[in-house]
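There are two complexes below, and they share subunit A, which is joined by subunit B in the first and by subunit C in the second.
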Partner chain A sequence: MTTALPAARRGGVRAAEKSTDRAARPGVLWVVPAALFFMVFAGLPLLLVAVLSFTSWNGLGTPRFNGLDNWSRLLSDSSVWQSLRISAILTVLCWAVQTPLALLLGVWAAGRQRNRAVLSSIFFLPLLMSTAAIAITWLTLLDPNFGLAAKWGHYIGFPDGNIIGSPRGALGCVVVVVAWQFVPFHTLLYQAATRQIPQSLYDAATVDGAGRVRQFRHITLPQLRNTIVTSSVLMLVGSLTYFETVLILTGGGPGSATNILPQHMYMTAFRDYQMGYASVIALALVALGTALSLLIVRFSGFAKMRSTLEGI
Partner chain B sequence: MGETPLSRRTFLSAAAITGLSAPLLSACGTSGPAGAKGGGKTVQAWVLVDEAQNRVQNVAIDDFNKGSSGKVKLLPISSDGAVYADKLRVSMGSPNPPDLLFNWGAGSIRNYVQAGGLVDLSSQLNADTTWKNSFLPSVLNAGQIDGKYYGIPMRGMQPVVLFYNKTLFAEQGQKPPATYDDLLKLVDFFKGKKIQPFALGGLDQWPELMWLEYLVERAGGPTVFQNIAAGRPGAWRDPAIATALSQIQDLVRRGAFGTNFNSVNYVNDGAGLLFAKGKAAMHLMGTWEVSNQVERHRKFAETDLGFAPFPSVADGKGDPNAVVGNPTNYFSVSTKSVDKDAAIAFLKKEMAAPAYVDALIKSGDVPAVTGIDAKLSASPQPEFARYVYQLVQKAPSFTLSWDQALMPQFKTPLLANLQKVFSGKQTPQQFVTALESVK
Partner chain C sequence: MADVRLRGAHRAVRGRRLTERPNWGAGVAAVVWLAFVIIPIYLMVKDALQTTDSYLDGGPLSLPRHVTGHNFVDVFDRGFTRYLINTAIVTVASAALTVLLAFPAAYAIVRSRSRAVSGIFRLFLAGLAIPAQATIIPVYLLITRMHLYDSLTAIVLPTVAFGLPLSILVLASALRDVPRELYEAMTLEGGGSVRLMWSLALPLSRASLTTVSVYCALNAWNGFLFPLILTQSDEQRVQTLGLYNFQGQFSSNIPGLMAAVLLSAFPIFVVYLFARRWLVAGMAGVGGK
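Now for the complex of A and B:
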């Protein structure tokens, strides 16, 4: 052991020296655990879903192949297109509400003052709660006769407290609850990223006479660009798979006003037991999610991975 | 700076681990019971998790196991009906389904019957008339699929009843409605008194369905829905459906349910509280409303809670004594059971046995068993228990809740479109067209 260790260390040093030109990237072996995990729990199921999408199966017995029936049904199914529209609206609204909130809160929480540390640990509390608990608590608040909706409804245009029971109100409720739950997570991202910005930049800006707002616009925001992209990708792609809040809060209602595409997929699979058709919707979601993240990465220049600290 | 990121990282990874392992753990929970089988002749009985009910079921099981070589073992799966149905579905599709399975009859097991997964109990029941006659016929028949019996009643009956606040009615000098015209008059009367005539948990959607079920039953009788359930072409176009839907729209316009009923939930006590506080005069709901009110608003349940049948409708073809709701829950036997004979013997011996019936009555249920009038005084709500028992006894038909009776793919469109009718966003004709297009 005592002799083997230095030898191994020497070997390691030599290997590291050899690969300095390749920036000491770890070998293929390192990818194996993650790749295996991904294949078993994501790749394989995805493949099976692709096979299922060409079958008719109600979850019992053997799936029966029915060619392109499910796919042609997708194209002519108006409820899917309506769900897609609702999903798009909800995604944009969620992004537009969460990003500014999380950005401002995160930058604020990055300060080292003690009161900020205390307050931000309170802000992060929703992150610890289960989605179901959050949704059920909000349901109680939204009761139009006894909840907060009864008292405050008329301030926001719902005099009878009928917020979650009206199509627009229900969509708004979902946006608010999702934001309440996930803003803390994105705040955390921004807080961490803001703390990585070198103090010297701010010092220089102060010397040049830049105020707080200008420092935020010309230093903080550009320095956070990669984080904004990351956070946005998580939000946008996440909104294509996330539906627990909708399931518990509105069940897709009233009518089908909040029936987003993931909820539609879930209902098709586990309420209607049309596994084949649900698989088609699932694949459509996969395609959408991939396209969306590729688009964002492409147009934001994120793929080039340029450091925001060049020249410092 | 040093310690904050570290603690945050541990916190994050802890969150990630719990987030990741939760689904894995629950997955183990699903496969556990099925995998635990094998060896010996122990018959697994899947039921809902319900402390009081599980205790009652164990009374029957203990009694059976004492005198039999084949044993029955109770496996409570989940307290959530939808979760239970999902797990049952997965298990029924596997080579190791439960031997005895708790279910809601009709739509909840039709797929299993079609896949040959359930034992046809008709010959057993017909051969043993004492056994067959020990259950109320309307309830036993409500569990039929294509004229054959696949389930034995194993719990209390849950018809939908018109609950009313009897103290409030007495104060205002009113009587529960005997006819639909009375009901309309009461709506106008209570609206004038600034009291919401009916509590309605529209957010959960299914409470709205009860109105459609009763109004269709009164307008057209049980055959209207039987035709729909059998998938006969044009069944949704029966005039009784359009009549009932227009009546619903008329009730909504008159303010029978207030204006914000689509924001009111039933499950989390939204509608129940409205009713218990005297802010709503009546509530159309299943019999479980009584145990809900006893649990949540005991004083209201004891002094104010009155009950009446759904009123008759003039010119309606339906029998005014007919009821809708959940006839009962059933036990069915799986064809892949390790010991079918033991499972059937258990149902034969125990489901109408005095000890089991007594235990059910004590837990507040009204079993679908014949000749138990005298025993019902042991119920925690004897007056209500006797009322329900007589209501079902004289009912010529007991229509199962539509969302459970229909094939699964109807459930979402049925509830969503009905909610649109209640919110005035859809006409009866659009509702019919939408449901006819469900494949």
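Now for the complex of A and C:
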């Protein structure tokens, strides 16, 4: 009886709903065009990359199956593992540089003073430029003969100005350029999230005599927890897009100092025309990206991410 | 540190609201960041406006001495107009096609009771995680097999496909806010699904439609990866690839190169001036991917 009653009531509600809601409902046909398009040009490639990883293909003609050749080659290819290491270092460095900067700037920009609005609109200028335009502008700044690097290089330990020509310097350049390009976006995330923190929390803390630093530590930071996770995941997944910056800025060099995994894959595929082997590296990229995101989701209570994103 | 905290306590006693107090730490960081952002942009504009000789002579941050428009003429002479037109075609086509496909899909996802539709929605959500970089080899294979290699269409197709998941997500969450009663009221006036979408859902989600269009257009205008692997000839070149090519050719002509960079970003700077709100909303979408 106890279970029958709510069931009956639920049925009743549904019936009532049906009687008032006669609005037309669109069918599956409405999503088919978008779904087909997406499957052909994004879903299918993901499957194809797995298939291609078992083939040998030079970019022309037909891919030929060669079993596990590419995979066994991967295991003994030290250049891939080297690239993986550089990717990891670059990703961590970029994260460590961008997160505190974006957090600090975002909290600052969340204030509603007029001068902040003007300054913020300048902050976001890099967001408008293409990666190509940004990388090329920086490349001219870093030119060891004529650029800013030639004049200011000696202040940061490069008396000859050739920052981009030294292994460590080149890696640093990529981090700086990536930060220049992407910190504004993450600032935007933190700004939006900070504005949603209830003022009453700060008022209560003020009454209790907490200063700015303590308020930042005990109110702002915990309240921004979800945003920090969101922004970090986006940075991790986004580290694949550093490829464009690396390709233009350093081409993976000097030597292989900035040869990150996507760069390695691109060169293997479109310079050496070993598309099959490059597909193995591509699959590794997919697996790595997915695994990292899942790990973060698992260990940080990512379920609330959507509500944080909706605040933008 | 202690000083900051003391001052904080002092102010608190006076009962001022915290967010209205100047925050010196963050303020200093903001000014430093401002300089960091402005210096490359200033140099870009300055270099584009001066002759090669004065570029080589002048100090890095000095004001331009011989202002000239010659670099822009030079860039146009080398075919940059063609690249800008190609990019504009790709941009308009990509944004239009994305919205055309995404809006009916988002509408159905919100309104339909079909299981298949919610299944497809989950597919799009999963699609958010597909990195474009990892699929360039099969996309190249597909495009060459479709005999589309080295055409603007080749750029548009994958650009749209990878823009769809986020566009649908944004549009669907906007459409959820349209009250059910409105649909019912309009049904009483005798409207089918098409009319409900056209004269109810569409006008009520105009803001999100603009955001999505801006996001797609910005992505297409600044796109580099797909043009890089899917086009080759000068006739089909878009501006980002044009810049990449110039960078090889212009190694000694930095002012010319910077003029090209400035031209490539100019249309977006103009949009930013007049429609900042939409652009910022659209950009929030860009990184959301």
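Just so we're on the same page, the second predicted complex is superposed on the first by the 258 of 312 C-alpha atoms of A that agree within 3 Å, B and C clash if a C-alpha of one lies under 4 Å from a C-alpha of the other, contacts with A are read in each partner's own complex, and residues count from 1 in each chain.
Throughout what follows, contacts are C-beta pairs under 8 Å (C-beta built on N, C-alpha and C of every residue); 3 or more make two chains touch, one makes a residue touch a chain.
A quick note: this is a predicted structure, and the numbers were derived from the prediction, not measured.
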{"item": "Partner chain in contact with A:G61 - subunit B first, subunit C second, else both or neither", "value": "first"}
{"item": "Partner chain in contact with A:G251 - subunit B first, subunit C second, else both or neither", "value": "first"}
{"item": "Which superposed partner A:Y190 touches (first subunit B, second subunit C, both, neither)", "value": "neither"}
{"item": "Partner chain in contact with A:L128 - subunit B first, subunit C second, else both or neither", "value": "both"}
{"item": "Which of subunit B and subunit C A:V31 touches, first, second, both or neither", "value": "second"}
{"item": "Residues of subunit A touched, compared between subunit B and subunit C (which is higher)", "value": "C"}
{"item": "Partner chain(s) touched by A:Y273 [first = subunit B, second = subunit C, both, neither]", "value": "first"}
{"item": "Touched partner set for A:L119, first subunit B, second subunit C, both or neither", "value": "second"}
{"item": "Partner chain(s) touched by A:A282 [first = subunit B, second = subunit C, both, neither]", "value": "second"}
{"item": "Doubly contacted subunit A residues - partners subunit C and subunit B", "value": "59, 127-128, 136, 139-140, 143, 146, 188, 192, 270"}
{"item": "Contact footprint of subunit A on subunit C as seen in their complex", "value": "1, 4-9, 12-13, 15, 17-19, 21, 23, 25-27, 29-30, 33-34, 36-41, 43-44, 47, 55-56, 59-60, 101-102, 104-105, 107-109, 111-114, 116-117, 120-121, 123-124, 127, 129-131, 133-142, 157-158, 160-162, 164-165, 168, 173, 180, 183-184, 186-187, 191-193, 196-197, 218, 221-225, 229, 239-241, 243-244, 247, 254, 257-258, 261, 264-265, 268-269, 272, 276, 279-281, 283-284, 286-288"}
{"item": "Subunit B-facing residues of subunit A, complex", "value": "58-61, 117, 127-128, 136, 139-140, 142-146, 149, 160-166, 169, 188, 192, 195, 250-256, 259, 267, 270-274"}
{"item": "Complex contact set, residues of subunit B against subunit A", "value": "1, 4-5, 8, 15, 86, 89-90, 92-93, 111-112, 115, 117, 202-205, 258-265, 268, 270, 273-274, 279, 408-409, 411-412, 415-417, 419-420, 423, 425-426"}
{"item": "Contacting residues of subunit A [partner subunit C, same complex]", "value": "20-28, 30-31, 33-35, 37-46, 48-49, 52, 57, 59, 63, 101, 104-105, 107-112, 116, 119, 121-133, 136-141, 143, 146-148, 151-152, 180, 182-186, 188-189, 192, 199, 202-203, 205-207, 209-215, 234, 237-238, 240-241, 243-244, 248, 262, 265-266, 269-270, 275, 278-279, 282-283, 285-286, 289-290, 293, 309-310, 312"}
